[in-house]
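A, B, C and D label the chains in the order they appear, each numbered from 1.
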Amino acid sequence: MDGMHDLGGKEGFGPIAVTHEDPAFQADWEGRMYALSQTVGSSDMSIDWFRFLAELLPPEAYLSIPYFEKWCLVALTGFVNAGVFTEEEVLAGGGESEIAASAVQSVEAVLAAVKAGCTDFSRHYAREPAFAVGDEIVTQRHGVPGHTRLPSYARGCAGRITAYHGAHLFPDAVWQRIEVALPLYTVSFEARELWGPEAAGGDSVMLDLWEPYLLVR
Amino acid sequence: MSQDDKRDRAKVAEIHRKLHSHLPPDPALRVKALESLAIERGFVARETLDAWVEAYSERIGPKRGARVVARAWIDPAYRARLLQNATEAIADFGFEGNATGHLKAVENSADLHNLVVCTLCSCYPFSLLGMSPGWYKSAAYRARAVREPRAVLAEFGVDLSAEVAVRVWDSTAELRYLVLPQRPAGTEGWDEERLAALVTRNAMIGTDRDLSAGGD
Amino acid sequence: MDGMHDLGGKEGFGPIAVTHEDPAFQADWEGRMYALSQTVGSSDMSIDWFRFLAELLPPEAYLSIPYFEKWCLVALTGFVNAGVFTEEEVLAGGGESEIAASAVQSVEAVLAAVKAGCTDFSRHYAREPAFAVGDEIVTQRHGVPGHTRLPSYARGCAGRITAYHGAHLFPDAVWQRIEVALPLYTVSFEARELWGPEAAGGDSVMLDLWEPYLLVR
Amino acid sequence: MSQDDKRDRAKVAEIHRKLHSHLPPDPALRVKALESLAIERGFVARETLDAWVEAYSERIGPKRGARVVARAWIDPAYRARLLQNATEAIADFGFEGNATGHLKAVENSADLHNLVVCTLCSCYPFSLLGMSPGWYKSAAYRARAVREPRAVLAEFGVDLSAEVAVRVWDSTAELRYLVLPQRPAGTEGWDEERLAALVTRNAMIGTDRDLSAGGD
């Protein structure tokens, strides 16, 4: 989907608000939101559905609201869409009564949970990958309507495969709850191929791209 | 595309629009609504949320990555393992976890500089570097890092000569990247802890380059 | 410039707020702004510099503020940039004292001025145009840093020339105060060439494109 | 690109950011600031602004275009002239002017529907159709009209069969487009004024198609 999230290469943004050291969270609510995202999920949720939900935010909201507020809207909309909460419950802001107490995690338990969150997205792949390291490829020219991970700035561009990572879960399928794994490659693009002669010769952009995004050159 | 109604783009967009326009504009109140509902339903205990905030505020952060970098500087065998399979190498410290299941270390050299971004969301190796900085998540960084990395680096105070090539890693799949900066001169014989103190978070993202042994 | 203004084909926007009849202006300030745009200019201004100034608005502002508010910011920034007003004067909101009275136009005089605003953007062209009606072309793949009028959705796309309009002032030059006229063509693109197989076969998009945007196919 | 400092992108963007963040958020106050400064400097008289507002509110509007369409329906020679050179043809009425110096008329037929948009700004034939509607200037219309014209038309109540091809005119140069809709059935013998009353503004943009003689 050619949504507002696809920001790579877009021009007109101002200077970067450079910082060198930061607290983990800029505000309390950011910390709460991150904690909620790590603990409160529904069976309905995958990383790719989560990302697609963010991509489906109103474009002007996507561009203007803080990062963790996007996560909050994604969580709320995801729960409403899955039938876990109703819109009315969300808009009422939650009740006062704390009903069910779930087990409390200690900080040590959290650290263990973070470690256990080391997820392997690779899967066995019975076929041969279509490409090998060193192959020259060109990317697909067109976007697809759903969630996908080929940025628009790298569409219709020539590149070279520099690494093969086996088959990884394919986001274009996973968001639809179809678990398919396809070969994943790192592809190197010369900056001038992507941006034209204004770019510095010798600079490059590396992208990890799934096989269906690539065509033989 | 699936016609499954639970995956209906138009329906989801409509819920988004409704919630965004009717919820109070303050993000703190929006998160409070989610927290209240989640606690009410017994999905999580408030104290568990406190523990997650504490873990990421006090225990997980860029100091982890700095130790990994320092060890790679000291121990050539470790450096080789890190470049070969970073997820396994950081497990020596127990730093593997959220978003580092497929970690790659990419090494700077005298004629190569690496820079990491995620243009499509803001992917980041949380268990190794902690929470990402605000600028990493900004539209400006996401838009500009791939197109004009040298201008972006200059804003961070990194002025690269034309002889140094820039390699930007746009980490839009599940691979995450750790930049292995060059060891600063004047640190011969330093131990891991002392070296780790020199490694900045930004150097591990690639928005910092020339680390300094200090004292000048 | 790949700015926020380049909206064609972007996805994620909601339904259109359909209307069938409307007052000329939705609010008084809209009418005032339009009237100002037609009467208050500086010698520094061209239609292309005006448009480029709008493209240089902060992207989140471009997406969120009303149309004529963009015109207002363009006018104010244009005047400040040209040294006509200072930032301080603008931020002070103008003084109270009406100093100079200029001649008053009647409604009839305005109608005559509207008519006189029938501008011819064509210019004599001494050379032969590079293309003829019926020619198959492909558009440039890359954007350019300044103001330009080849939308990004039509870059790197195959089309066919359906009309030649002589040489028109070239926006890519005019915004820089260089008056150059180059051949202008209407180019027809099949919808599937632009958007992929999701588009309806037989549908097309027509664009008026200057010669430097086009390459022989 | 020119290095002329008066055409410096970064400088202009900075002025924009400063004004946008420091001016009062109400657009009415922003325009008032511009108006006050312009009047103070003698660039324009307040009464002249009143006259422009009145001209576009009362005298210039889609009724102009409707008369042109009605005449083309009645008079084959005029229709031919309109399709040949619309700027000259509308000068019969004195309707030429702002943004119609290079006007093209594009004709609908049983198997072709024309739709006009400007994706890069919101170009519109002001002197012929008056001020453009809000939706024409919206990001949604500009984004969607070129990519999914049939979905856009459906929102306007125009359901096209697959046999009717859609031709979208993205008017990003100085050519402007007037859609010449099909004459409705049941209007045989009607005069220009009566026919003009049937022609909607949206039909001349292409977001309306089947005009009705009414009475049903």
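The definition used in the following text is that a residue touches a chain if its C-beta (ideal position, glycine included) is under 8 Å from a C-beta of that chain, and two chains touch if they have at least 3 such contacts.
From a predicted model like this one, the values you see are computed outputs, not experimental measurements.
J.: B-C versus C-D: which has more C-beta pairs touching?
T.: Looking at C-D and B-C side by side, C-D shows more C-beta contacts.
J.: Where centres are the averaged C-alpha coordinates, which chain has the largest centre distance to subunit B?
T.: The chain lying farthest from subunit B is D.
J.: Just how far, in Å, is the C-alpha centre of subunit C from the one of subunit A?
T.: Once rounded, the distance between the two centres reads 34 Å.
J.: Can you work out the whole-Å distance between the CA centroids of subunit C and subunit D?
T.: Distance between chain centres, rounded to whole Å: 13 Å.
J.: Cα centroid separation between subunit A and subunit D, in whole Å?
T.: 40
J.: What positions in subunit B touch 2 or more of the other chains?
T.: 13, 17, 139
J.: Two or more other chains in contact with one residue: find those residues in subunit C.
T.: If we look for residues of subunit C contacting two or more partner chains, we find 1, 9-14, 56-60, 63, 144-145, 195.
J.: Chain pairs that touch, all of them, please.
T.: A-B, A-C, A-D, B-C, C-D
J.: Which part of subunit B faces subunit A closely enough to touch in the complex?
T.: Those in contact with subunit A are residues 1-2, 4, 6-7, 9, 11-13, 15-20, 22-24, 27-61, 87, 94, 96-102, 117, 119-122, 126-127, 130-131, 133-135, 137-144, 146-147, 149-150, 152, 155-157, 162, 165-175, 200-202, 207-208.
J.: Would you tell me which residues of subunit A are touching subunit C in their complex?
T.: Against subunit C, the touching part of subunit A is residues 1-4, 9-14, 55-60, 62-64, 141-145, 156, 195-198.
J.: Which of the residues in subunit A end up touching subunit B in this complex?
T.: Within the complex, subunit A contacts subunit B at residues 1, 5-11, 13-29, 31-36, 38-40, 44, 47, 49, 51, 53-54, 56-58, 61, 63, 65-69, 72-73, 75-77, 79-82, 84-85, 87, 89-91, 93-107, 109-111, 114-122, 144-146, 149, 151, 153, 165, 168-169, 171, 175-178, 184, 186, 191, 194-195, 199-200, 202-210.
J.: Can you list the subunit A residues touching subunit D in their complex?
T.: Residues of subunit A touching subunit D: 12, 14, 59-60.
J.: Contact residues on subunit D for subunit A in the complex?
T.: 13-14, 17, 139
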